[in-house]
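Letters A, B, C and D mark the chains in the order given here, with residues in each chain numbered from 1 onward.
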Amino acid sequence: MPLRIWRKPLDADKVKLPRAEIHIIKDRCKGCGFCIELCPRDVLEFSEELNERGAHPPKVTDESRCALCSFCQAVCPDFAIFTVEKDCAGGC
Amino acid sequence: MKLSEFSAQTPYSHDEEVRIGVYVCHCGLNIAGSVDCEEVAKFASTLPHVVVSKDNRYTCSDQGQELIKNDIREHKLNRVVVASCSPRLHEPTFRKACEEAGLNKYLFEMANIREQCSWVHLYEREKATEKAKDLVKMAVAKAALLTPEEESEVPIIKKALVIGGGVAGIQAALDLGDTGYQVYLVEKDPSVGGRMAQIDKTFPTMDCSICILAPKMSDVGRHPNIELLTNSEVLEVKGYIGNFRVKVLRKPRYVTEECTSCGDCAKACPVTAPNEFDVGLATRRAIYTPFAQAVPSTYIIDRNLCLNKENIILCDKCIKACERRAINFDMKPETVELEVGTVIVATGADVYDPTSLTNYGYGKFPNVITSLEFERLINAGGPSGGHLIRPSDLQVPESVAFVQCVGSRSDKGHLYCSNVCCMNTIKDSLLIKEHWPATKIYVFYVDVRAYGKGFEDLYKRAKKEGIIFIRGLPAEIIEDRKTRNLWLFGENTLQKELYKVNFGMVILSVGIEPRRDSEAIQRLLTLSRNPDGFFMEAHPKLRPVDTPTGGVFLAGCAESPKDIKDSVTQASATAARASILMAKGRVTAEAITPRLILENCTACGLCARVCPYNAISVNKEMKRAEVIEAACAGCGTCGAECPFGALTMRHFTDEQVYAQVDAATEQDADKKIIAFCCNWCAYAGADFAGVSRMQYPTNVRIIRTMCSGRVAPKFVERAFARGVAAVLVAGCHLGDCHYINANYQTQRRVEKLWKKMERLGLSKDRLQLLWATAAEGEKFASKIKEMQVIVNSVSEEEIEKTRGLLGKG
Amino acid sequence: MSEELVHPLEGYLRRWMIPHIWCEGCGNGIILNCFITALNELKLDPNKVVVVSGIGCIGRISGYTNTDSYHTTHGRAIAFATGVKLAKPELKVVVISGDGDLFAIGGNHFIHAARRNLDIPVICANNFNYGMTGGQYGPTTPLDAWTTTTPHGNVEHPFNLVHLAAASGAVYVARWTTLHVRRLTESIKRALQKEGFSFIEVITPCPELYGRYNKMRTGVDMMNWFKQASEIQHYSDPAKAEITPEKILVGEFIDMEKPSYGRLLREMVAQAQRKMGEGNR
Amino acid sequence: MAEKSRAVLSGVHFMNGDVASAEGAIAAGCRFFAGYPITPATEVAERMAQRMPEVGGVCIQMEDELGSMAAVIGASYAGVKAMTATSGPGFSLMQENIGLAAMTETPCVIVNVMRGGPSSGQPTMAGQQDVMQAKWGAHGDYEIIALVPSSVQEMFDLTIEAFNLSETYRVPVIVLADEVVGHMSERIVIPTPDKIRVINRKKPQVSPEEYLPFKPDEDLVPPMACFGEGYRFYATGLTHDEMGRPRTSSPKAQQRIVQRICDKIRKNADKIIMTKETMLEDAEIVVVAYGITARSALSAVRKAREMGIKAGLFRLVTLWPFPDRLIWKVAEQAHSILVPEMNCGQIVREVERVAKKTPVIFLPKLGGEPHRPAEILEAIRRT
């Protein structure tokens, strides 16, 4: 279609996408970085802190950008990260 | 594969006396107005072999044709020449008449004294008459050498390809399918429906657009004779009328037919984007169906949006959500190969993007919207559920202004009228009144064109409903920062006063423009386009849905801007035209293919090398070329290439062309231009110049060949040898050649001639090369004008020198 | 670890064995993750699942799944599983082991179990070398690769495992990399439901050894190699699926039906008993 | 038991030792056999192939003896009594997994019908050359039980006993037959099922949560849960603790597990060991023999008595654990001990070890033929 799509869709605010809650079990992490490398929304990055096994666990940059695809959970070799859908009953 | 050979002597023995009848047509005053037809007829009677010569008012009329038939019987005519309009118009008519009188239709010849004479020399009666005589003389000279020909027949595949799944394509496919032919309907988008699916109501009857379209859509979806190829594009079309080989790229949907379109996948999909179908006013997911009534209803995944790139499934939300396990990310694009006999082009049109008209502020001011956006807004199934709300605050505006001719009838945008905008606006204004009667509605227009059936009534109704029509488009639209309302400034040209009016929302009535991908389709099917960019019909009046390419037809907005009714009408017309071919099952190929003169052929293979259709092959054992007639399109570039005269181009033989040249150059050659024009572009362009009454010098003599590729260097040399001042070789634009690429040979040969002329110390300006489409009459006319300067500058000596140098050749 | 942070798959892990011994960037944990995800999605009763492994890094996996599990001697996982499956057909017996264990020392058991069409899935973690012993070359080490026992480059041709499995008679054969976790999980589910011998090869990173010696220092480096080299093609000819640095053909290669050993055995036993009249123990 | 059992072919039969062993296994409740053809043990597999389906069990011919032994362990862990049968070369291949069976305390029975070795040796001739391998065949330290039948009847009886012991002590038990006993056919009596004593492994009495798969009772033997019973336990050939968790670098764990798997046999030796004493009460010359050799020895001893020589026979039925104390008692009263063996001296070393000062005369016999009574009598007279 040649008509430029430029507007914010009128229903943009009505469309509710599930909000994510990302949990990181820091001391399980070995710092392989798979979750960080493969996140489609680049929501994760290495943190400065060292965990008890001397690795830098990931930290969440902007949870609101998480699409809840939970690939980080699926690809984590150490069961150190998982996502759950935020309960927005009381609003988020 | 049928081989055609030439057994030295023609069916007609040469010793038989040639008896030619000449008929000069007045065409009312179209010709007689600027040519003395009686004198031309008198002159004709003096020409060799002419036994009858008459002039009459309308030769194409029944009486006119009867006259010819009677004379053929009475005077034992064995050649007929009609001097009237363009052979592109009436050659078929007269050929048929000849046949009815028992004369082989290839023994008929035409002199084009209307489009290429009377109409282009309206005010030079003498000179026009002189030219007409020359043209008749040339025709008679050629006629004397004509031989009867038998046409060969090619079978037609009884399947059709329809390109484009809008309402036109749907209608054409349904008509053909119902007639019983297998149809392939190819649509670029995920669903059929096209523009009509986006529109809310149709004018003038105010039917719900999708309500009347949806049934047709589902019909094509499940029609036993129609194979729907959505999300697909035509990549390649090879072959010729009745026998097209088509390659279609079928892009993957990533969702299988298992899909029940329950929508669970879309609910689960975590990524959104503006929905193109709603012109971006509503959101969709990465897995989606463009609209509720889409056909096929199978969902589709937008891989550019989807989180899953490079075949790695990062997100499996849709897969998990789909109970039918219909989602398959491993689908690959496939190329489908089809064989069809006919092609219908219904590729539709685009909508003008008003962003470039900065004075209207589209894209800057949220409450300035296009008429297409309006259709989605007012549509119950649209983003606002049918509520007319303005984007800035989602409130219903108290006042609305329509601005007409946005992108139409203006050098900003397109020069042509987009045909539907006026009625569309009237319809839209009434829709608003229907739901929100209090709304203040203004329409700013240039002219209101309510030409169609029931249109005027609707216009009247709008006025009665209190919609205010103001002549004079706003010069500028400015937004009120606070209210987001819009100020329109302009002049009411009827009251000759300036206006400054404030509105809650402005709707730009945007025009229709050719699709961006038109050029691709044009190349695929060797079509031509008019200056506006829409596809050209074979004849604007008599073959309005045919194209110059046999077996290819046009429907809908691809041909020109038009409303739904016209699109559907045209679609049915194309279906009928295509059915005629397929019902016949065979098509006769014009007997203009080459004949091989065995004794001259050295099997050098030059002809095979230049043939665009690989219709000639060299048989090494038998030491000869072989012509596959079914594959040959008759461009004649092989005949022009053969150095041994082993290939005779039927109906366009060397002798016949020489005869035309010689006849044209008997008197005042040194003042004349010989123009070799290809039938499809240059000659049609010259006709178009005539139709548009473009005036140019009278001293040009046009010789028609099927393709400029037929023009052998020796033809040009012959003309110079006969002492002409200048020669023009004209054909289709490179890349647009009706015979794929034959005109590249033309270019090569002309360049060779230029070198030769330079070598011989002749001014190469005297040989001109022109690329002009059927629509570029202006270009042709001005070319002749500019060549007039050359003609005047050529000296006696130079002409003599040329005769000397090229004469021996 | 605070109690609200309970991983959704925790229940499928033998918690007192976690954390596992695998290195940073090793893909074995991903295979474990996919495997228990498959169990979870199929809602299989963990009490009826037996995980059998051999020797090597991945051999430790049987310790981490919260099911009945057994860690056998080098190469014998399939043979042990044969006994379990035949003795208790109602159990889902799964063999998960490495390329060296299954195809060097255990190669004989593999081809014969496949030939018999024994009802077990075999999941092979292929990391192109012997990790546990410090990165020696094995039956899948690519030609020219550097390992501690091929210090001058590997001069042996590697196995094409999917071809081997198909030729040996497996009824389901698939290959994925640890990057294709979703597809791998689906394949594992398919294999768990399949009657007969199914085989899944999982190309997995060993950055500490194989990677380090072959210019892929981190797990991410190896995953990136998988990303650019892997090409998905279903039901293509396994014979043409050799792994090269440029191309790793992945996908489902075989999925066919063939009476399984278990079924034929049961039928034969039933017949023998009919002949004999009701036999009791 | 009124109705005739398909599993126990009660009655009088004339069959060879291999077949009798197979019948004994079935009578003992064995329902899984995995093996690989090898002379002279093949008849066991053939009989099992016929009989297992009939009694609803499984008999599989594996690709090799490595696999056979592994499969037997698998079946046993799945809760089914399992056995394999082989001879020297195959027995060597089985050692790897006999070690695994010992380490993971797996009840199972291995019938080794001994032939002449080393290597391929004498497939069709008898030998007693694997007696030490039976004890020390696998690497590492562990205890197994080995029983030595010397008649077809004993092939039946001792195979049942082998299963009972393996179930009791969670240990591999080897039936060390030889080619002659395996191949000769004799009259045997198969009792009715009610007359046959069958022991099954003890099951855990605790809930899965509390269950520690390698935590022993007072008898040093841990109750055994099986796959699919809901205990979801883990077993490994690695050094492990009572939970089954690998403890490869813990000296304490290694010490505990190895010591226990040895002690559970050693400390229960009295309950395990079976011997047969003939005319020992006043014997001055005692022949210590086992297997087929013991049968020649018996007639030799009888002849000696006729000739007035105070000879007696001490037959080893249980070869491993070795009956140290009983042999020591014999040595106390006897002037000298004669040990005929079909090897170059294996069990004789054990006898010497225990007999201390009492002279021990060794009577070897190689070549694959058993000792003739005359040869043993000759040896008795010379002493």
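Operating definition for what follows: contacts are C-beta pairs under 8 Å (C-beta built on N, C-alpha and C of every residue); 3 or more make two chains touch, one makes a residue touch a chain.
All values derive from a computational prediction rather than experimental measurement.
Peer 1: In this assembly, which chains make contact with chain A and also with chain D?
Peer 2: Chains touching both chain A and chain D: C.
Peer 1: If I rank B-C and C-D by number of C-beta contact pairs, which comes first?
Peer 2: C-D
Peer 1: Give the identifier of the chain nearest to the protein's overall CA centre, each chain being represented by its own CA mean.
Peer 2: C
Peer 1: Farthest from chain C in C-alpha centre terms, which chain would that be?
Peer 2: B
Peer 1: Measuring centre to centre with CA averages, how many angstrom lie between chain B and chain C?
Peer 2: 63
Peer 1: What is the distance in Å between the mean C-alpha positions of chain C and chain D?
Peer 2: 37
Peer 1: Could you give the separation in Å between the centres of chain B and chain D, each centre being the mean of its C-alpha atoms?
Peer 2: 98
Peer 1: What's the distance between the Cα centroids of chain A and chain B, rounded to whole Å?
Peer 2: That pair's centroid distance is 55 Å.
Peer 1: If I count partner chains per residue in chain A, which residues reach a count of at least 2?
Peer 2: Within chain A, the residues that touch at least two other chains are 38, 71.
Peer 1: Among all residues of chain C, which ones touch two or more of the remaining chains?
Peer 2: 179, 181-182
Peer 1: Which chain B residues sit where two or more other chains touch them?
Peer 2: 312, 314, 316
Peer 1: Pairs of chains that touch, anyone?
Peer 2: Result for touching pairs of chains: A-B, A-C, B-C, C-D.
Peer 1: Chain D touches which residues of chain C in the complex?
Peer 2: Residues in contact with chain D: 14, 16-17, 46-48, 50, 52, 60, 62-63, 66-73, 75-76, 79-88, 90-91, 108-109, 112, 265, 268-269, 271-273, 275-281.
Peer 1: Quick one: in the complex, what on chain D touches chain C?
Peer 2: Counting only chain D, the residues touching chain C are 5-7, 29, 31-32, 34, 52-56, 58, 60, 62-64, 66-68, 70-80, 82, 96-97, 99-100, 104, 227-238, 243, 245-246.
Peer 1: Looking at the complex, which residues from chain C come into contact with chain A?
Peer 2: That would be residues 1, 5, 7-10, 13, 18-20, 22-30, 32-34, 37, 178-179, 181-182, 185, 218-220, 223 of chain C.
Peer 1: Along chain B, where are the residues that touch chain A in the complex?
Peer 2: Against chain A, chain B makes touches at 270-272, 274-276, 278-283, 307, 309, 312, 314-317, 350-353, 355, 363, 366, 370, 372-373, 383-384, 389, 391, 394, 513, 516.
Peer 1: So in the complex, the part of chain B that touches chain C is made up of which residues?
Peer 2: 310-314, 316, 319, 330
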